[in-house]
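Next, two complexes with chain A in common: one pairs it with chain B, the other with chain C.
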Partner chain A sequence: MKILIAIKQAIALDEDFEIRADGRDIEEDFFLPDLNEWDEYSLEEAMLIKERHADTPVEVVCVTIAPDSADEALRKCLAKGADRAIRVWDESMEGSDPVAIARALAAVAKKEAPDLFFAGVQSSDHAHGATGIAVAGFLGWAHSAVVARLDYTPGAKEVVLKRELEGGLSQELRLPCPAVLTIQLGINKPRYASLRGMKLAAAKPIETLAPGDIGLATNDCGESGSLARVRRMYVPEKQRAQILAGDVAAQAKALAAIIREATGS
Partner chain B sequence: MARDPKYDILFTPVQIGPKTLRNRFYQVPHCIGAGSDKPGFQAAHRSIKAEGGWAGINTEYCSIHPESDDTHRLSARIWDKGDVHNLRAMTDHIHQFGALAGVEMWYGGAHAPCMESRATPRGPSQYASEFETLTYCREMDLSDIAMVQQYYVDAALRSRDAGFDIVYVYGAHSYLPLQFLSPYYNKRTDGYGGSFKNRARFWIETLEQVRAAVGNDCAIATRFAVDTLYGPGSVEVEEDGMRFVELADPLVDLWDVDVGDIAEWGEDAGPSRFYLQGHQVPWTRYIKQVAKKPVLGVGRYTDPEKMTEIVTKGYADIIGAARPSIADPFLPKKVEEGRVDDIRVCIGCNVCISRWEIGGPPMICTQNATAGEEYRRGWHPERFPKKGSEDSVLIVGAGPSGSECARVLMERGYTVHLYDTAEKIGGHLNSVVTLPGLGEWGYHRDYRETQIGKLVKKNKQSQVALGQKPMTAEAALTYGAEKIVIATGSSWNTDGTNCLTHDPIPGADASQPDQLTPEQVFSGKKPIGKRVVILNADTYFMAPSLAEKLASEGHEVTIVSGVHLANYMHFTLEYPNMMRRLHELHVEELGDHFCSKIEKGRLEIYNIWGDGSRRTYRGPGVFPRDANKTHRWLEFDSLILVTGRHSDDSLHRELNARQSEWEANGVKAVYLIGDAEAPRLIADATFTGHRVAREIEEANAQFPKAYKREVAIWGNPHSPGVNPEIEYES
Partner chain C sequence: MSLDGGMMDPHAFTRILFQDFPSWEVSFFYLVGFAAIGSFIYGVYREVRKYLRGVPDARVIWDYAHIKQGIVAIATHRTLVRRDPYAGMAHRAIFYGFGVLFMGTSIITLEYDITSKLFGIHYWYGDFYLWFKLAMNIAGVSLVGGLIYMMVRRGWIKPPKLDYARPDRAPDAPDYDRSNYRIEDWLFLWILVIIGVSGFVLSGARMIWLADRPEVWDIRWWSPVGAFFAYGLRALGLDAEGAVILRQLIWWSHGALALTLISLIPYTKAKHIFTAIISLVVRDPLPAQRLPKVPEGQEQIGYRFLTDMSWKQLLHLDACTKCGRCHEACPARTTGGPLSPRDVILSLRELANSALQYSAVPEQSKLAMHGTGVGQVSSETLWACRTCMACVEICPVAVEHVPIIVQMRRALVEEGDMDPLLQKTLQTIHKSGNSFGESRRKRGGWAKGLPFPVKDARKEPVDVLWFVGDYASFDPRNQKVSQAFARLMHAAGIDFGILYDGESNAGNDIRRVGEEGLYEHLAESNISAMQSADFNRVVTTDPHSFNTIKNEYPDFGGQFEIEHYTSFVMKLIEEGRLTVKKQLGHRVTFHDPCHLGRFNKGYDAPRKLLEAIGCELVEMKRCKDNSFCCGAGGGRIWVPDPVGTEKPAQNRMREAASIEGLEVYVVSCPKDLTMFEDALKTTGYEGKFVVRELLEMLEEALEINLVEAEVTA
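Presenting the complex of A and B:
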């Protein structure tokens, strides 16, 4: 039984940063890279399945579509107990949008043929929230987003889960396997890697693949394989905010005055 | 990063007489336990602050003559050439970093017991010191006055020779000049007593003479308690306080003003338990209205925001700091470099002060483990030697000791995993900060949390694992660390074991519904009844703090104490207001009483001096005194056991028992630090964590390396021309 997990080396920023000269991203010097927070949870969920059912062997495989700077994130997963790590990249993949990334992930999934495919609900940097479900689209598998509880016995033909909906509602679902699930924060308590885990992970290989190895053509990848591209990244201008004092009547009067001023009426 | 321009004003220079302070950060006089006898300690502790950006740095109070000898406490002294030689080390090292060095010339009157010199202190009138209650001074006549004033002049000349830039006439904390000014001490009817002018005369004349002697070379400062906080009958700021500043202003180059006296000098060095940053402003702000010379004030100023406000609002020109400079000698530099969040904020616990009050062992600081260790251990507060090996370290326990150990190891470049069951760094401190008035003690945790957070980002191999399952010996052994540091802390005894009987108390059992340990009080899970008895055998803050907490919550609290309740709080200057607080809350104290047994709802107490005063040998198996017959029952709804603590060291014991498995698991060493080694002050727990982190490459880092000692060396005279051999008068 196999679980494939899509992971991402996400980027955090300090208070001070600069935008790249071409205006399309942040200057790399200011990147504080780390494993995407959501991915900590999907990895943990996979590890729990692996550990809870010791009699059925479960292989946990992590995959990322990224240059070698993301090896650190993969090693973190290996240190926490993932069995294998795969990284797919070449220069043609530069500029991929979530759909192009999903196309590549789906190609890996076809090759690996997992019973479950996990992705985070979203990534903490770009927050598209699209990749996981797009993978399901390419594969045509059953899928569910924002999974907050999961019941699965390795080898079973279906998975039972609870997913979060708007307004505090939850939905319980039963999906056939293979299935694509995007995993929500708080579904479990992610573990930390031990020093032993880190040392072992440092010695484990990372399988590196080029798009061709997974059957992708050049125009499936990068900007040519994407419908979206980043035109400009900028810090929005500060908007004016004002707290209206006084009781409701006074506030309403003040608000009316502001509207009148803004609309020139 | 550059400093925030809103703090620019703190970095503008100030002229004081012939000297210039490069900025507004100024270390006011404070003791460290070095004096003139440990010149290396003195020079290193003060010059570290010069390096850290302070503009002016002072000695502690510095005795001008053997007639002002504070032994058993430790002052500096500038009595002779030997002292000049030793203090020169301090001024030289301060000057290397471009700061000014000041000396606080001190004559104590009856507050100085002269236990070493056996001289007789002189004062304005004869009085018994309210601080050193067995010491009386002799009233000065006019020739005495002239003689003592000459002491100041001679000491000022020696100070100049020692390289000091600022020379103080010290009249705060009720020392001699203030004794003349205050009618509380001064009962004279001659030209030095009675009217304000007469009472001010001694101080004014002394300033004139000192100024005439060294005023061209040195800035003349005076330290003045502008309000002694006694109300009428002593010095009040809007009366004699302002009047004196107006009168003496032409004679001084710098006003260093504070409040209070010596017997309760916690009103000046206000503990955070009772006083906020800037607590003296309501009094000291009046001084700028009459002073034309620069004014500096104190008030545990740790926050540049507040400091800026003090200067811009015109309450003071210069920010004086004792404790903030101890907790972070690099405070000004950190503001200058825009690293305000790196400031190690003084928590206001006054443990630094406790050492002086105890009688002068080297000062320690809860926040800054390097304070006092600069010279003898070579510890720089901001620089750390690079790691000496590739060993990775697992630290179990993120309390004061474990988190300090982690911080320092990470600073040194080691890969560290800091592991705790709690969700937050801080250990037992996270409970202590919920006690009344102790919120600011949380800065100890906050500093380490912030620093470790930054360091973990620099080394991805390092990790802080919180909210974890308790670490087992098996998990620790197989964790993959070459070195394991156990910092699992301590707990309060559940069975009444205490320092008096060294045994459990029959019936003491915190698993009973009506008995609680302090931890159980913190957790809030056990209901606490109306009538609370606190059984105490601990001499620090836990019993009085719990009493304050519970009494404020409406319980009727009685403390049964077999030891001097809150004794250590005398040394931290928290005692007077703590007692006032307990009194306000109607907490009953049964002192000199302890407990022989406990039953449901009642404990049997006895007077600890109730056994016979005559000691007789009565043969084996028989107590050599008459039996104690003072036992009686006291009822309670809830009983809180503050009888003693024990180390939570079972993990360490288990690991030691499995030493044969260490090598196979790659474990080279296991260390025990903090309360897990022995329950102790937070300052000492922090120190042990810091020390092991610095010395981890040693063959056995569990035990401290030798430090450099500064002691008199046989055969060498302290002052030139003195024969060091034994010689008797014939």
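Presenting the complex of A and C:
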């Protein structure tokens, strides 16, 4: 029994950051990297399945598609008890969008053949919310997004779950395995990874693979394998707000003046 | 009288042992005696075996200086008279009384059973015998007098710390009840008192029995108490015939009790005779100031099982005499927290006695220290500790509670068993290097509000490196104090600088939380930042940073000469580099920060400074070594106290408020400023007196007027 978990080293920004010279990202000096918050929950969910069913061996494998700067995020997972960590990367993968990332993740999933594939609902930096579900698309597996509760016994042929819907609704689903699930915050209480645990995890190996090792061609990766490309990144102009005073007629008049000014008519 | 020039042979003046005993009684006595010694030896073996089931303790040093300080402490009873002088003096009376009587008995045994039988040497007669008798009488009075005071104390004075009430257990918990301890306390006292008094009765009875012999009766006043009993017994109508019977009865009761006591020493609280002495001899000079480093290559950290403790700590558990000084001093216990340092020690003792005292070490589950079962310590109890060291500091037998608590917390941290807010803070510190979650770049931001630049010690050499610390760097109120200190150093012409974003949280409190990995990370990062700077000495306004840099960084290769600002500024004034221009004339009280006072004995400099600036210092009852923690230590500043209970800082405000006419409550620690300014508001004393940082008062008294000083960050 195996659970594969997609991991992302997400980026928080230091205050007073600067945009990169090419205008398509933030200058790396201002990055404060950390394990994506959602991934803490999906890893914890996998660890709970592993620990609750001590009689069935469960292997928890973490995978990330990122350069070696993401090793720290994988180590945190290893410190929390993941059995293995895989990182896939080479320069050709630079500029990958969620779909290109998902293609690589799906290729790893084919190789690893897990019973369950977990991803976070979204990442705390780019917030596409696309990667997990795109993996399901590539694999053609059953899938469910925004999972808020999970019942699974290792070795079972199906998984029962509750997912969150808009408007405070919940939905209960039964999915056949293997399945791809994106995990929502709050499904559990992620454990603390002590610094010592992380240091010890530094001794555990991280399997590093190149796209070729998982059967990807160069044009499957990076910008050529992506559907989207970042054109520019910028701080939106500050919007103005004002309260219009006076009676309705005066307010309407003031509003019309603003519209005229903005449209230049 | 003296025997010099007397008519009689001095050899006549002695006591004939077993006088008129039938030989079977003598044999029986020896049989019982050997049985008692056998029981004693087996008991000692069992205890030593228990202690040796702990791991070796690299910090125990058996050298002359350590042994000497231990013996001096025992001989003077210095640690026992503190904060409980009468009990200490009574114990001293018992200690010396018992000690002299024991030596006396040994001297007799040595002659009777060894020197006389093997070598024909006799010495217990004549003048020596007379002085011996007198010494034994004085010792007996001392012993019985001390014991009677202890009985009065337990029976009538009844100090609350001796009621053994447990704050860490519900009254229906199976190990809540401490009445067994109470029974043992009383039995111990009664056995000793009866041994002492029966000795005197025996002496009196012998005098009546042998009153017709001058070698007995004529020297009766050499045992004055015995003689007093002789007259008393006679007045009650005892004649020589009755005295023979009484003597035989008392002889056997006295002997039986004494031998019972010896046989029971290793099995009862009497074992503290040995454990407390060893504990004092192997005491660590920096028990809480310098927490244990994890040995290279050790994977598991912290204490989970009794056998993770060192032999010395297992011995500490048995050294505790339940005197309650730590229970009384503990800020967590005082404010209703689920922790009494004494009960941590007693719980673990009970656990050790049930798990480690048998021929085989049981399975690990029986050795688990964490939990809510009998003899276990709960995580609530461990997290209630503020590592203020009040318990360790006052313990008369050198029990070191704090390292045990922190080691147990290390295991909790590994398990993630902690307050979610604390967990978040630790993650924040790991990510940003400070507990405020602020950008590293803003660490030196407070210096921008000064009319002169503060040197970047990473870029240019300075004389004094100022290690600022988290609170002094980021907390807006404390930033003002930092600016005041900068102006003060500037005015004194000190060449100083800071590390700006090269500095991280010093790690003192992270280490006391038990997040050792994060501490190592912070310490190593600060040490490397400091080592790459060029400076002569370090100063800080933060006692927490001061403690860890001074006492703990050396273990990680960082040797720095560091001073707290109080002694640093005092020297500047003494050297004339700063002049006090204005006498403030306030009526003040001073709060000793744990990490400056108790941890590092910095009691004098702040008081001298207050005197120099013309303040009238009125001490609180709990001051200096007994200073009452503000509640922020051990990482507790990051964990909110439970709603509805009194916080330690509030308790302290009430104490200060009882000083008539108090104007200023003076602090000298950034965390104290935060804690007490808050407590002043919540206790409603705002307007009655103010909380001020000593630095701000110094600035006022030194009249450091920099025009631009009004500029704030």
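Keep this in mind: the second predicted complex is superposed on the first by the 237 of 265 C-alpha atoms of A that agree within 3 Å, B and C clash if a C-alpha of one lies under 4 Å from a C-alpha of the other, contacts with A are read in each partner's own complex, and residues count from 1 in each chain.
Going forward, a residue touches a chain if its C-beta (ideal position, glycine included) is under 8 Å from a C-beta of that chain, and two chains touch if they have at least 3 such contacts.
Please read all numbers here as calculations on a predicted model, not as lab measurements.
Asks: If we overlay the two complexes on their shared chain A, which of chain B and chain C does A:Glu72 touch? Say first, second, both or neither.
Replies: A:Glu72 contacts chain B only, not chain C.
Asks: Can A:Leu32 be said to touch chain B (first), chain C (second), both, or neither?
Replies: both
Asks: For A:Arg231, is the partner it touches chain B (first), chain C (second), both, or none of the two (neither)?
Replies: neither
Asks: Considering only the touch criterion stated at the top, classify A:Met198 as touching first (chain B), second (chain C), both, or neither.
Replies: A:Met198: touches chain B and chain C.
Asks: Take the contacts of chain A with chain B and those with chain C, and give the residues found in both.
Replies: The overlap between the chain B and chain C interfaces on chain A comprises residues 16, 32, 189, 192, 194-199.
Asks: Under the definition above, what is the set of chain A residues touching chain C in their complex?
Replies: 12, 14-16, 32, 34, 189, 191-192, 194-200
Asks: Can you tell me which positions in chain A touch chain B when the two form their complex?
Replies: Interface residues on chain A, with respect to chain B: 16, 32, 72, 76, 189, 192-199.
Asks: Please give the residue numbers of chain B that touch chain A in the complex, ascending.
Replies: Touching chain A: residues 1, 392, 394, 415, 417, 457, 460-461, 463, 465, 467-468, 478-481 of chain B.
Asks: Can you list the chain C residues touching chain A in their complex?
Replies: Chain C reaches chain A through residues 294, 299, 301, 413-414, 416, 418, 420, 423, 426-427, 430-432, 439-442, 515-518, 520-521.
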